[in-house]
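Each of the next two complexes has chain A plus one other chain: chain B in the first, chain C in the second.
Take a look at the complex of A and B:
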């Protein structure tokens, strides 16, 4: 205690806030986990199904795109498309037997699913590289193939032709193209999902969120819609997994710990339920805090700082629940967790 | 069956709904035990009986929310036994619930528009392939919804969240919403429970109007005997999972079995309205 008390007021430097590299990293994470959380939003905020397995879909997207690229040798976009397809199939497989369960039991089933995916990835070394990550797969090819090769080519061309001429030159900005890609995808998805949710199709989803039996009594196949909602979340999870793989440049199972699903939930709460735009706000706020805390020199070890980050996030969530339960952009009237 | 069709019906007593020997048990209890009756097309039929008689369970079976153990149910001559709830609703038979299910976090107008049939925009493939068809249908639905809300005096609430409505208004909304689905038969589970007499009367007026103007058939569960006696053409009395008496109201009210099981007190719950004390008119 005394050690903390004496060192705490010292040397809290905010220099990192002016570094380009910091913000490029934070905003890329924010977009990747924003896309990830859009899937949770459509499930939790609009359909009323509690999906605790989003990290599992992200894992499938990341691993499958690496495997299709490196081991099968398919081009980047085809690998991505197939990876999304695999995740959607996984979504159907988990949804078909368990979406008829009550919401809380479904939540348990999905967290189990996500852990099955992660533990399989950890142990199926031949397929995924195990604990070493996919770098092991890349290196064991006769002529090493790197998952990121395809993207780096595109990225360099964006840098050379667009970013360099307007002054974003140098290694500081080498990850800027990925940030742009992720944000273009995120914003486009928010626009598309907003239109979908305001369509008659979205109206059925919201009705199911309110009362599944009422929707069924009015001729809506609630189960079918819940499957569609979960499939869309799976596809968004897979897309975010592909982006994460590009950002981290190697895929390791510890990136798909269930804690990341709950980071998604924290983004949901911060940004507000039943708002896709809120997801963008929530994600930027959360990742700024999570990454910013790394640079705070308060005289603690890195492990303690890591723990402190989550304490702070928890504190913010509690305060938010007390003073602004609808989050940044959520509608108070549409809160599912309200009563 | 003979006494069920005895009174005058607009459509010559042809049944729209036929329920035959339906059984359903929960654990060791037979909630529905061989219930058999028919609902004449175009009629207003009341389903009465003491609490625990199996009325709501039977509703849930007929509308596909529960699976019966055995039996047969036909709607408009086609079997709907063990069909799924949404499929039954789409075939033109819509229900309301004992505890109203207003979709509270949705505006009243969305509650209404949700119920409309034939909206291609409710399916993702057709929504994406034919967005204009969806929009066109949406305009039609919107107009129809406003009309109905007008009829039910809810037009000024169209943009309010359904959660802000009073209990009685929710009952009206639920009926209006059921009508958006263009049903040929409506099942109402205790429509009069918990609403004030004025709104209740309006609800009953709507029921008669819809029956005479559009030939909609009604089957409703009700405990208020005044309502049952004055508004139903047919009464079906259930006790302990089975139908004990069926017929026109004046006959049913005189029946000794009904008086013993329901109207006359015994240890069953006393029906509201005290119709049994009234002199037959």
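Take a look at the complex of A and C:
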């Protein structure tokens, strides 16, 4: 950026670390993908099913809530509820036939499902804006309706009534309300899911993870429980998609590439398997690294920096799986991927 | 046991059950039958020339999938490894060919050989550095899956880091085409189609007829038992990787020569279609990969007669899910084949 940076291409600037805008962005991403990864945690860490289609559920949540708000004209929360319902139905549709398959086939079937959703979003231009994405406005109406209108009203009132009086004013803190919303949701979900997993219902899930045949021999309907686990993941994926749409203020099919499912897996193994709280830690760590790398001023183009970020994600997956299969912060006795 | 229970329901007498039994015994004939019915419907509905041309295009697309799928099916069948990095091995091979063919300026044939050799070497290196140690530690499936995905990220983005994202092309003639009865096929595409068929048939014959092939099948069947009977499993696994990765390099170069476009995402974009071809044909079955690839290619291209062509990739993934659900062991699959 500065003259010094151009003459000294290897200078690394750490100024961003003290910028509020940077941290608000990182922590919002961390919460959004934290909620996204809670779904993977309940599938992979607690039920033992390998869901590679989480980005597809996120896409459904994002697009459906935009379409219900803008095209149908429903209020924000009703659109969100319906979008979650659509994602759960999609989860049932893909789960009913394919959860009976072997684990590796299920993984392939779900990644194919998520690609079908993404390609549909890319091609159904009338509904989704295709490759350009949708900026969520209805052009035919006299007063354009933005998808984000409902939220911005709430956001402004939070800023005016709560944040401004305690000193968080100005454009730098414009997105603070969304950060708060995302983190309140994430923490609440972690508490609820922790209760759920310690309930009799959760014990059955873990029994299926340990030994499906034994659980079945005890009269548990393993298939039904797996389907419920996948539906919860779908709902969490859709919720995270709604938040992502609010954060990016535009919905584009690029954001739902299978790469993002695997970023979820990197968060999962960083935070440790079979730990919902670990997901929060993993997500903050990963997004700080990923977004922080954007600011590395080492004389490389944006292409190369982007490539480095994903090389790092790949290395995290390889090294943790090779040397710490329970995840960086995971407990070995609870969950080992070795078997 | 399965056959017995099917026969029992057949005896109980309903016609559909008998039909289902027959279909279960000759799945390849059923698929052929379905293809013929669809062909006839398309010929009458859309006309002979469009049908013929999409069939030619479908065979070409199918040969991309099939050629890429052989290595995938070998590794999947023998090592039980769902190699998500296989697509990026294709990309790697193609970029090596680009380096020698365009950057250095050597003839394409030499670039092709170097690409195949280099990709095979990378395959062997990864076996020794990653997969063998993990097998020794009895790594679980999810562990290996996530490592393969991590490897795919590293390979693809290392390529992007070095070569950038701008589309590249090899120095080959992609415009010359042959016409026959109103149908056209690019010359490079025809070469690719022939190479794919020859390569797949030779791998299939090698697996059935040679001692090496028999040993590979023994490993696929039961790795530990094969080791106990005195097969040098380490050597066979290395040979498997040389074949799988070398063929991935070959596939990468030929696909890029034929489509005329190479980016760091080229291989990954083919990966799901290759998985579909592998599963459609039955895991570990080289004939199956050929048939699966061609069926997939045909269904993609035929679908363009009925839907806008941008939908064809989504349609092929829908075919994949249907096959997984209806017949997870594939067209030719018994429970397990190689």
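The definition used in the following text is that the second predicted complex is superposed on the first by the 309 of 339 C-alpha atoms of A that agree within 3 Å, B and C clash if a C-alpha of one lies under 4 Å from a C-alpha of the other, contacts with A are read in each partner's own complex, and residues count from 1 in each chain.
Just so it is clear, a residue touches a chain if its C-beta (ideal position, glycine included) is under 8 Å from a C-beta of that chain, and two chains touch if they have at least 3 such contacts.
Note that the structure is predicted; figures quoted are calculated from it, not measured.
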item: Dominant toucher of chain A (residue count), chain B or chain C; value: C
item: Partner chain(s) touched by A:228 [first = chain B, second = chain C, both, neither]; value: first
item: Partner chain in contact with A:308 - chain B first, chain C second, else both or neither; value: second
item: Partner chain(s) touched by A:121 [first = chain B, second = chain C, both, neither]; value: neither
item: Which of chain B and chain C A:97 touches, first, second, both or neither; value: second
item: Contacts of A:203 with chain B and chain C, given as first, second, both or neither; value: first
item: Contacts of A:213 with chain B and chain C, given as first, second, both or neither; value: first
item: Touching both chain C and chain B, counted on chain A across the two superposed complexes; value: 336
item: Chain C to chain A touching residues, read off their complex; value: 82, 130, 133-134, 137-147, 149-154, 156-158, 160-161, 164-165, 272, 275-276, 279, 308, 310-311, 313-314, 317-318, 320-321, 324-325, 328
item: In the complex with chain C, residue positions of chain A that touch it; value: 44, 50, 94, 97-98, 101-105, 107-109, 111-113, 115-116, 119-120, 122-123, 259, 262, 265, 269, 303-304, 306-308, 310-311, 313-318, 321-322, 325, 336-339
item: Residues of chain A defined as touching chain B within the complex; value: 196, 199-201, 203-204, 206-207, 209-211, 213-222, 228, 333-336
item: Partner chain A, residues of chain B touching it in the complex; value: 63-65, 84-87, 89-90, 94-97, 101, 103-106, 110, 113-115, 117, 119, 121-124, 127, 134, 137-138, 161, 163, 177-178, 181
